[in-house]
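Here come two complexes built around chain A, the first alongside chain B, the second alongside chain C.
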Partner chain A sequence: MPLRGIRTTTAARNGAGAFILQCKRLDFHYCNSSGSSRGMVAFLQKTLPTFARENPQIEIRVSPRPQKHPLIKGLYINGREKPVCVRNLEPHDILKKAILLKEASGEKLKRTKKPVTSLNESVRGIWSPYHGDLRGV
Partner chain B sequence: MKRLQLQRWSSSVLAPRARTVNRLHQHIYGQRYQSTVSPVQARDDQTAAIFEDSTTQDEQLAQIVKDSHTRRSHLQYPSPPVEAAQQSAKLAALHARLYLPSRLPVQTLARALVDQTADPNPNFNNASLATLGHDLLSYYATEHLICTYPRLPLTVIFAAMYAYAGPKTLAAMAREWGVEMATLPGGEVDPGLLQFRRVEPGSEVETGSSRSARPYEHNKLWRKTVTSKVFYDDEFGDPLKGPGMSAGGVTTEQASAEFVRAVMGAIYLHAGRAAAKRFFEQHFLSRHLNISELFNFRAPARDLTRLCARESFERPVAKVISETGRHSRHPVFVVGIFSGQDKLGEGAGASLIEARERAAVAALKGWYLYSPLNVRVPSSMEEPSALPWKPVHVDLGEVIV
Partner chain C sequence: MFSRSALRSLTSELRWTAPSTISSAPLQRACLHQTASKMSSQQPEAQSSSTHPESPLSATPRAQDSQPSARRPGFDEMTMTPRARADVPIAKQPVAPTFTSPLKVTKSLMSQLPHLVGQKPHYIVAHLHARPYLLTEGDHIRLPFLMPNVKAGDILRFNRASAIGSRDFTMKGAPTVDERIYECRVRVTGVDAEPLRIKEKTKRRQRHVKQAKSKHRYTLMRVMDVRVKTPEELLAEGAVVVEDGQDGSVIEPRS
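On to the complex of A and B.
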């Protein structure tokens, strides 16, 4: 057989075609009795239905966690999770935290050094010392 | 975050599952946004009647207790009942995450998540949807490849098909869509989970009896030509497999691939051809594949000579374009392959032979990877008000050596 094909898989480019939101679940934990959850309970009663309606991609779970500070936990497609403690926060601050978790990719935070990262080859190619005008040393 | 301590669970673990769906939650959001637990049916009227009635019969009470949880009644089915799909938050989230058309109901998506091994009833599993989706995927991927790269060799087309629509890619896509798997299939399982029966660890993986129509199939030593694979084998050039499910189990990869195919089939059925094609373009074609990396040449210089003879070009000649350090430890030669005055390809290598092989590979790839501009695929004729069809250029393919 003169020529064979090499089997590989295609690599995902999220957002190049379809965009999949990476946050797949948000868990809201609250305590009914403790004061640090007051803002959270208000958030759950007032703001969360709207938030859930606006973000149907995210599965939302609410569950009590008695004698503990309130918590929002985001679960991501890459299998990681991101918990944020929202004790003593007002509902609008909690909404900010929920939006932060929604928009996160789930990856560890890392510094982006290059403005563009791409799977495609450089259009200009790689410089070669053996091409172009030969110059005497 | 500190983990929950087990001894504090005692009440919540021992109490019936109804506790997990808490009152506040139900009150605020109603049934739709509930967690993955199926809602408990309210049988308060009957229960009240029993307690008012002094002549309570044991069987009746037992029946109430038995029915007090719908999950219990779901146990009689191998897969979740249709009405459970409406209650699943996971399923609704998956539907929204994939931006599936609203005409595709969640019930069908739930059916796409039930594998053949979970529910053998063809009315409730995804086998039929997956068959349709598989055909659509193969069709769209093939027409895209053949029209965009009309000179690709068949083996490379097979490899590219595998990359676009092969089971590995489909399984990766299901993972990237955030599809979770149920440990075991059953009627009480959340319909938003992928349900299939796993292969038992340690069991022999049967390859399945080949149901190829190829004559002389039993002669294993006979050479199978690439061209014959088009007729007798599947779209990846693999022999067709019969139903080879050993002890009724599939691997995670197979089940995920079946699910993705079933979603494709479901979109085609409910939302039509245009939506299915758009889904294919957005989710499959948008993925990155460098086709020039799929080539594995054995004798590129010989192939190039045969190709030039077939296309009646002048015989290719390799010439050294530049070189450095011929007698040093690291020489570099830049060799070009010329056919008459035209330079077909160029390569650099540490020896003359290596540079010539690379130049031949570059020349062959330059030929095979030709791609015309503004290609139209046959399925574009299905669009309304499509322009009249002009035949696309499809080349002879690879050289036969």
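On to the complex of A and C.
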């Protein structure tokens, strides 16, 4: 078998050229009978149509889930999902949770210390003791 | 350029748009300075008859999926800068771009600039809230804070940089490089959070343990481009070549 070089594939750099929102779907679950869904039902009737109109790139599904607390579930391009329980919340608090799910990246939450992560090679190269001028101290 | 009546109407309009609730002196001075700088930028200048003052940042519009809303409070549509507001502390008031005079470039910088422009890729040391970020094109940034009033998809332009360079050349600013020499755009890609941190707080000789919870949120960004303008572009935008010896940015070759 002939030797083959390693094929390079392009790394995903969303936003460097085109930008695609990472949240692709939001599922809203509610219950008609339980009191913890009261805010959710009001949200679905009043706020959700405008929210959906402002975000046409997100698929929105609404489905009942009887005898359970209300829930918003976000599904992301990377295949992960993020559920948030919104029991006993007011409609404006539920909107905040929906915006949180919309703007999330879908990645697992991690604690990082460095602000910049780069896939590029170092611009100025690696320092070498054999190159460059001699320098006095 | 502009007739006098047009200028007068412009200044009266500016006076109306300036916040009237502000009473403290430095803020008013800031506003006055802004209007003054705008007025002087609108007036025709002897040496630069080009179109430079029309578009101070000379940012060419690129692919942008979310148009900024037409009317934003506290935002000046003409200079594309935030306006001074009464509810913001004086130390954090936005700084108006100091475009009262055309960009001055020394002869030596002009002669060395093609070397820097021609050598790709570039890096930039951009400053945001007095913190340096070393960026190249396509980098991912997670700011150590949540940036207010931005949403996913917005494009920002960094205009404070202490250094821009390539492999062999570095342009150093004193203290910052003039923002008309380069372009550095970043796109807001979303908001991230850290995992919930729980710190157990105890007092002496007490069984009670208090749990202090914190979960900070951070703004995510992606660097769209880092670009240095060519001498021809600078001259077309109204840059003035001056003699050496004045303070300004210098390009240092690698030793």
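We take it that the second predicted complex is superposed on the first by the 122 of 137 C-alpha atoms of A that agree within 3 Å, B and C clash if a C-alpha of one lies under 4 Å from a C-alpha of the other, contacts with A are read in each partner's own complex, and residues count from 1 in each chain.
Keep this in mind: contacts are C-beta pairs under 8 Å (C-beta built on N, C-alpha and C of every residue); 3 or more make two chains touch, one makes a residue touch a chain.
From a predicted model like this one, the values you see are computed outputs, not experimental measurements.
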Clash or fit: chain B and chain C on chain A?
fit
If you stack the two complexes on chain A, which partner ends up touching A:13: first (chain B), second (chain C), both, or neither?
both
Touch check for A:21: first (chain B), second (chain C), both, or neither?
both
Which superposed partner A:35 touches (first chain B, second chain C, both, neither)
neither
What is the contact status of A:60 with respect to chain B (first) and chain C (second): first, second, both, or neither?
first
Quick one: is A:119 in contact with chain B, with chain C, with both, or with neither? Answer first, second, both or neither.
both
Have a look at where A:77 lands relative to chain B and chain C in the superposition and call it first, second, both or neither.
first
For apex chain A with the CA centres of chain B and chain C, the angle to the nearest 10 degrees sits at 90
If touched residues of chain A are counted for chain B and for chain C, the larger one:
B
After lining up the shared chain so the two structures overlap, which partner does A:4 touch, if you call chain B first and chain C second: first, second, both or neither?
first
Please work out whether A:109 is in contact with chain B alone, chain C alone, both, or neither, and reply first, second, both or neither.
second
Enter the shortest inter-chain Cα distance between chain B and chain C once the structures share a common frame, rounded to whole Å.
6
Intersection of the chain A residues that touch chain B with those that touch chain C
13-14, 16-18, 21, 119-120
Residues on chain A engaged by chain C in the complex (per definition of touch)
13-19, 21-22, 100, 102-105, 107, 109-112, 115-120, 123-125, 132-133, 135
Residue numbers on chain C that touch chain A, as the complex places them:
63, 65, 121-123, 133-144, 151-153, 165-167, 187, 189-195, 220-224, 254-255
In the complex, chain A touches chain B at residues 1-14, 16-18, 20-21, 24-25, 32, 44-45, 48-49, 52, 56-64, 71, 77, 83, 85, 119-121, 128, 130-131, 134
Contact footprint of chain A on chain B as seen in their complex
1, 20, 22, 24-25, 28-29, 33, 35-36, 89-90, 92-93, 95-99, 153, 155-160, 162-164, 166, 168-169, 172-173, 175-178, 192, 226, 237, 281-290, 293-299, 302-303, 321-322, 324, 332, 334, 348, 398-399, 401
